[in-house]
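Got some structures for you, see below.
Each of the next two complexes has subunit A plus one more chain, namely subunit B in the first and subunit C in the second.
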Partner chain A sequence: MGKYIGKRLFQIVILLVIYIAVVFFILHAMPGGMKALFISNPRLTPEAQQAILKAFGLDKPPLTQFLIYMRNSFTLNFGVSFSHYPTPVWEIIKERLPRTALLFITATIISFLIGFHSGKVLAWKRGKAVEYVSTIGGVVAYTIFTPVLAFLLIWFFGAYLRLFPLNQFLNPDLWANTSFSSQVIFLRLLLTASIIGAVILVALILSYRLSHNIRSRRLIFYIPTISSVVIAVFIWWKSPYGIYGADILWHMVLPVVEVTIISYAGIMLVMRDSMLETVKEDFITTARAKGLPDRVVRDKHAARTALLPVITNFIISLGFTLSGGIITETLFSWPGMGLAMYEAVISHDYPLAAGCLIFTGIFVLFAHLVVDIVYAFLDPRIRY
Partner chain B sequence: MKKLVWLMIAIMVVFGVIGVAQEKIVNYAMYSDLTTTNIWAMLGPDATVWNFYPTMVKYGSLYSQSDVTYQVVPGLADGFWSPLKKVTEDGTTLYVTTVHLLKGIKWSDGTPFTADDVVFSYEVPFKLKMPGNWMAALDPSVFAKIEKVDDYTVKIYIHKPSGKFIYGVLMSAIVQKKYWEPIYEKALKQPDPSKYLMSYGPTIDEPSIGSFNLSKWEKGAFVLSKAVPDYVFSGQQEIEYENGAVRYVTPKLSMDETYYGKAEGKVANKFITGPYVDSIVYRIYQNQSAAVQSLMKGTVDFILNPNGLQKGFADQLRNANNVAVTSNFALGFRYIAFNMRRYPMNLKAFRVAIAYLIDRNLLCNKILQGVAIPLATPVPPGNKFWYDSNIHPYGEGMTTAQRYQAAIDVLKKAGFTWKVEPKIEKGKLVQRGKGLIAPNGKPVETIDLMAPSAGYDPLRATAALWISKWANDIGIPISADLTSFNNIVNKVWSENFNYDIYMLGWGITIYPDYLRDFFYSKNAGPGGFNTPGYNNPAFDKLADEFIDQTDMNKAKELGYKLQEMLADEVPYVILFTTPMLEAYRTDRIQFAYTKTLDGIQSGYAGYGEISYVKLIK
Partner chain C sequence: MSALLSIEGLKMYYDTQKGSVKAVDGVSFQLKKGESLGLVGESGCGKTSVAMSIMRLLAENARIISGHIYFDGKDLLTLSEKEMNKVRWKGISMIFQAAMNSLNPVYRVGDQIIEAIITHEPEVTFEQARERVKALYELVGLDPGRMDHYPHEYSGGMKQRAIIAMSLACNPQLIIADEPTTALDVIVQDMILREMARIQKKLNMSMIYISHDIAVIAEVAEKIAIMYAGKIVEFSDSKTIFKQPRHPYTIGLMSSFPSIRGSKKPLVTIPGEPPNLLNPPKGCRFAPRCPFATNVCLEKEPPYKEIDKEHFIACWHPQGVKRGAEDKDA
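So, the complex of A and B:
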């Protein structure tokens, strides 16, 4: 397994080098070349221009420039943003990334859970009214024009029912007198989510390793999972940051619902199709012939096998979440990576645009690696 | 499910209680985040209205303009400047004036405001040649130097009397020396001190001399501005009389001054300076729709937007409860400019023919359905003092057929011919013109009319298509090229006037020094404002007289003459302006006035009447 991961890691690094090379050559192919693009901002002081020239080796031969650019990309030195001068690009990415990560990873995970379970049930209830209704509903959700859905949600839940905030990622009235920035809360929320996620993963693995009894497996899984959630909620509740975390989560509801509605249907339809193929397999017939309960055949035998393409879909989309959704971020006034990239493009902020592009690429490639590893775990037919 | 509902109710109650516990807070919506809070950058390369909205209230100037009537009045100065005296220094003739400063004014950190602040604020940008608004205000052709006489008196030296002396030099921004001096000294040790100063930050802690000061900037979310305690002008009465007099009663300074006549007769306006609220929160929305919904919901009380509301949103808000929509003249105009460096745009007859063809009334009132206001001069009618109402554009009151005929006649008279001449019979165009031949005997090739695409500005895109249609009807081969805004700007400025005709818009100032800037022959070089390349020595002479005139009534007469000359020569065809539509919550806030040039959001109204806005609920 280690050798397989190492081999894939090596391939991913090669791909990353090629990807960065493509970005480098695109920048060089622009009018004026990279030198003009990176120091063309009239606000750069001569000192800053010299610093950029030196950092990117822009006064050196192209090959040296390429090697320096490669090194800079791996050390996250993307230069200085023009539109946010004199802020380094990495600082902007660092500021925007937690916002996008929290929103889109949450939405993607919820989409996956809803899509996976509904796809599984739909395939099992083939031919019934619920399948037709859900499939048509899913297709509508999958193909709906994103701004329309966002406006509908904002109008209905925000303006008409007044249940949720209309926009933005926090309530300024609440944050007016804080001595910390929202970044602190975003990072703590992400940390909390990561710890709970890790606990769930460990609990899941342990439940399968330690017991074959369904009831005890459930106990092993649910006790640490629920405990971690309760402890996290308790710590947040007692913490002075608790109300601010709740505020951000409160503002996340509508954008998460929007992204979930648009994303879940794709996963549901893939899962449904995959399940429909799987249930035709001989081992499902064998499982049924053995007299196993319907639910066990569905969940343990069919769904697990059908999961593979859905996992690919899920993890790759997780990688792309870090580029954010320009439409979602714009309509819900959630300034994350998507908006950063959009603003960079329209304001000709080349260093920021290139930085966002490379950063997204790194994550998508990393997601590919994760897919390969997860595949290797889930599908015994894959040999390494 | 029940638990979930209870949980949600509990959260809503918590947020409700938080809301009740707040102080007097007014919420304004903005569509863009700030890029800086640094005054040197803000009045330099980062001069965006979004930066100005929450920030500019922090700074003062020696003189400013009265509300609504826009008369020049003392700001931080004590009375008007002394008459200019001619002096000679080292063989150079200069003019000097003495300005006394108000005593008893303090910065928000408690530091007294003195002549040191004024001298520092003038010398630093002038010595470092700060770009943008700094050099526009402290124009080296006008401003020479400043000297401290004592703690509350300064002497300002200028090269020549000029309108720019009043509207530029005397209105330049004043910063606190105590805060900026150490940074400036460090800047002087850098290779480019000016850029060092402009990139210095964060400056949230910079003291304010205005009614509010920045308190917090949560990037991407909001900017919080807090009222300055013991603001010295708080409670000041500004009383404007119908006879033109303006009286200021300032209790905290024990002052009662009247300018421009006697304080007698009917009072036209009376304002009492606040602040009346504890804080103003500038909520940042990334789209207009969300801000409009937030206004309807009551989350925000007023929307700041330099372009005003789109008609659809304004219509929607007119039907909303407790929301008032106001309409004011915008301080700007849209126009087409001819490249007079190229043939046949350099021929007056050709430009006049195009001017005849453009039916502003039809365009604005019928085609654009009233969303634009026809305009014939660069000074919009809202700018009452400077607007020349006697400007009559070519074709005024004519029907479309009469316009065609007038354009054909002008072209014929100038020697233009057609392969197929357009014909008008019984008030109708019965034959379209084809193959226009210029007086030099050569066919007129396709003339490109660049205009912003409909996605950027549907008004200009529509206008461009109609202008090309009218021109094509009589055989003038104009082709509307709807392109990106940046492309037009690049072609005009970066590519050194690489265009035939373009359509853009200008945001302008009340003092119309742009009448000179946009058409002065010396500004026709690369990157200059005189994009048509208009070169008329008589105009230049008049423009110089206008800009050098410090008596504003005389300057007005000269300004009228300039407007008339431009309407006759048509280097620009001024098309229209748009009403500035704005909306605010009538159940939450109250402004001192809503009828004002360029709307409540304008700098002339204090970027949302920050010092006047009251919370009524």
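So, the complex of A and C:
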């Protein structure tokens, strides 16, 4: 396994080099070329222009420029943002990336869990009214125009019911007199989520390693999972930061719902399809003939095997989810990578736009790596 | 000795858009404890449908119209799904037609066998179940060290053996083997069949072999039932069926298989095709292809009756001829 991960990392580096080369090419293909893009901003002082010229070797021949750009990309030097002058691009990305990551990882996990289970149940109820209604609902959610869904959510939950806040990722009145920045709280939230995630993962693996009995497996899984969540909530509750953390989470609900609905439908439809194929397999007949209860045949034999194509499909759709993220973040004013990229493009902030583009690529590549590793765990036929 | 399995007048139809396909149409037979029966017939004659009816694993559009399947004194067709699940594997286990795909690719082979044991005998611990799988692997001639491997790491013959081991896991009283060796080459096929017959004798189980290959079946089964178009046309012990087939269809089947030891002679095929079961012929279903058919065959269905001791046949004109020439050569 270690060897495989090493190999995949190596492949990712190669892909990244190619990807950065494409970004470099696009920058050069723009009117005026890269030189004009990176220094032609009235806010830059002549000294700053000279510094950028030197750092990116913009007066050197294209090949040297390319090598310098490559080196700069790997050392996280993407130049200076025009619109946030004089903040370096990397500083902005460092701040924005965790926000996007949390939004997408949360939405992905929720949509995956719901999509997987509903697809499974629907396929099992083939031919019943529930199946038709849900499938049509799924197709509608899958094909809906992302901004329309966002407007519907904003109008219904934000403006009509007034259940959720409409703008930004925090409430400025609440944060007016705080001595700490929102980023501190946000990173702590992210840390909490990661710890809980790690506990759940370890509990899941341990439950399979330590026991062969369904009941004791459930105990081993649920006790640490529930207690870690309870402890986390308790600590936040008692700490003075609790209210601020809750404020950020509160603002996160609608964008998460939006991304969840969009990616949920795809997962559910593919799962349903894959499940319908799997139930025709001979080993499902064997499982039934063995006298296993219906639920065991469905969950342990059919769903577990049907999951594999769903994951493949999921890898392919990751990129699309992220591009949908630009729309979602813009409409919900969620200050993540998507919004940063959108603003950069609108305000001709080329260094920031290029930096965001590269980081979106890195994010997708690493997400693929994670999914590939998960896949290797799920399908014993894949060995490295 | 009373019958372990007794099927009485089983009728099972498939509902299709064009009407009912009469896949099993009035099948009756009995199987004693420790006895082995071969169910032989062409593709599509309803052999597998009979097996699936016994296991109650029918497709959604299949309907059991009438009949009874008594197993160990209980009518399986009246049991609830939950009660039926107790009979499955513990009472009757099955070896499926496509053994290659009968194992779930994502679980270890040993674990799939253990699953069956623990489902039916919850008091057995995981370690005890592992011991039992080990013993089963030895019984079927597999290396017990392979039980922690995945199905794709097995060869075809090994998968087949693993499936046989799985079918034995809960000490069933009856095993239904549906084309157990069709996917294997002839040498492995023969080995596996002999192995199965040996284990069946050793453990004193009943067995139903289903195959289209009468020569293969005759080697391992004590009784043979010949099926044609959803009905049993002849039933007797395998020796009688081989030496003195009485039904014209059985005789036809015999002469369409080559004999290795017998003299070289052209293989005789049965002309025509099996009838469409959506709309089977009115009289005897074999009549349109039968060289001996008369008017009565086309008009009235022949009764299924005992013409000799333990020799049942459904034919208006039983043929008494022995397969003389070939026997003398052999």
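The rule we apply is simple: the second predicted complex is superposed on the first by the 371 of 384 C-alpha atoms of A that agree within 3 Å, B and C clash if a C-alpha of one lies under 4 Å from a C-alpha of the other, contacts with A are read in each partner's own complex, and residues count from 1 in each chain.
As a convention for this text, a residue touches a chain if its C-beta (ideal position, glycine included) is under 8 Å from a C-beta of that chain, and two chains touch if they have at least 3 such contacts.
What you see is a predicted model; the values in this text were computed from it and never measured.
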| task | Check subunit A with both subunit B and subunit C modelled on it and let me know: fit or clash. | result | fit
| said: Per the contact definition in the header, classify A:K238: touching subunit B only (first), subunit C only (second), both, or neither. | reply: neither
| request: Please work out whether A:P86 is in contact with subunit B alone, subunit C alone, both, or neither, and reply first, second, both or neither. | output: first
| From subunit A, separation angle of subunit B and subunit C (C-alpha centres, steps of 10 degrees) | 150
| task | Figure out whether A:W250 sits in contact with subunit B (first) or subunit C (second), or with both, or with neither. | result | first
| message | For A:L174 in the superposed arrangement: first (subunit B), second (subunit C), both or neither? | response | first
| said: Per the contact definition in the header, classify A:K3: touching subunit B only (first), subunit C only (second), both, or neither. | reply: neither
| A:I154 contacts which: subunit B (first), subunit C (second), both, neither? | first
| request: Decide which partner touches more residues of subunit A, taking subunit B and subunit C as the two options. | output: B
| task | After superposing the two complexes, find the smallest distance in angstrom between C-alpha atoms of subunit B and C-alpha atoms of subunit C. | result | 32
| Touching residues (chain side subunit C, partner subunit A) in the complex | 55, 57, 81, 84-90, 93-94, 96-98, 101-106, 108, 114-116, 118-120, 126, 150, 152
| field | Residue ranges of subunit A in contact with subunit B within the complex | value | 42-48, 83-86, 95, 99, 151, 154-155, 158-159, 162-163, 165-176, 178, 181-182, 243, 246-247, 250, 329-335, 339
| Along subunit B, where are the residues that touch subunit A in the complex? | 8, 11-12, 14-15, 18-19, 22, 25, 27, 33, 35, 41, 45, 190-192, 195-196, 198-199, 215-216, 218-222, 224, 279, 281, 283-287, 289-291, 293-294, 296-297, 299
| Which residues, counting only subunit A, touch subunit C once they are in their complex? | 212-213, 281-283, 285-294, 296, 301, 304-305, 308, 378-381
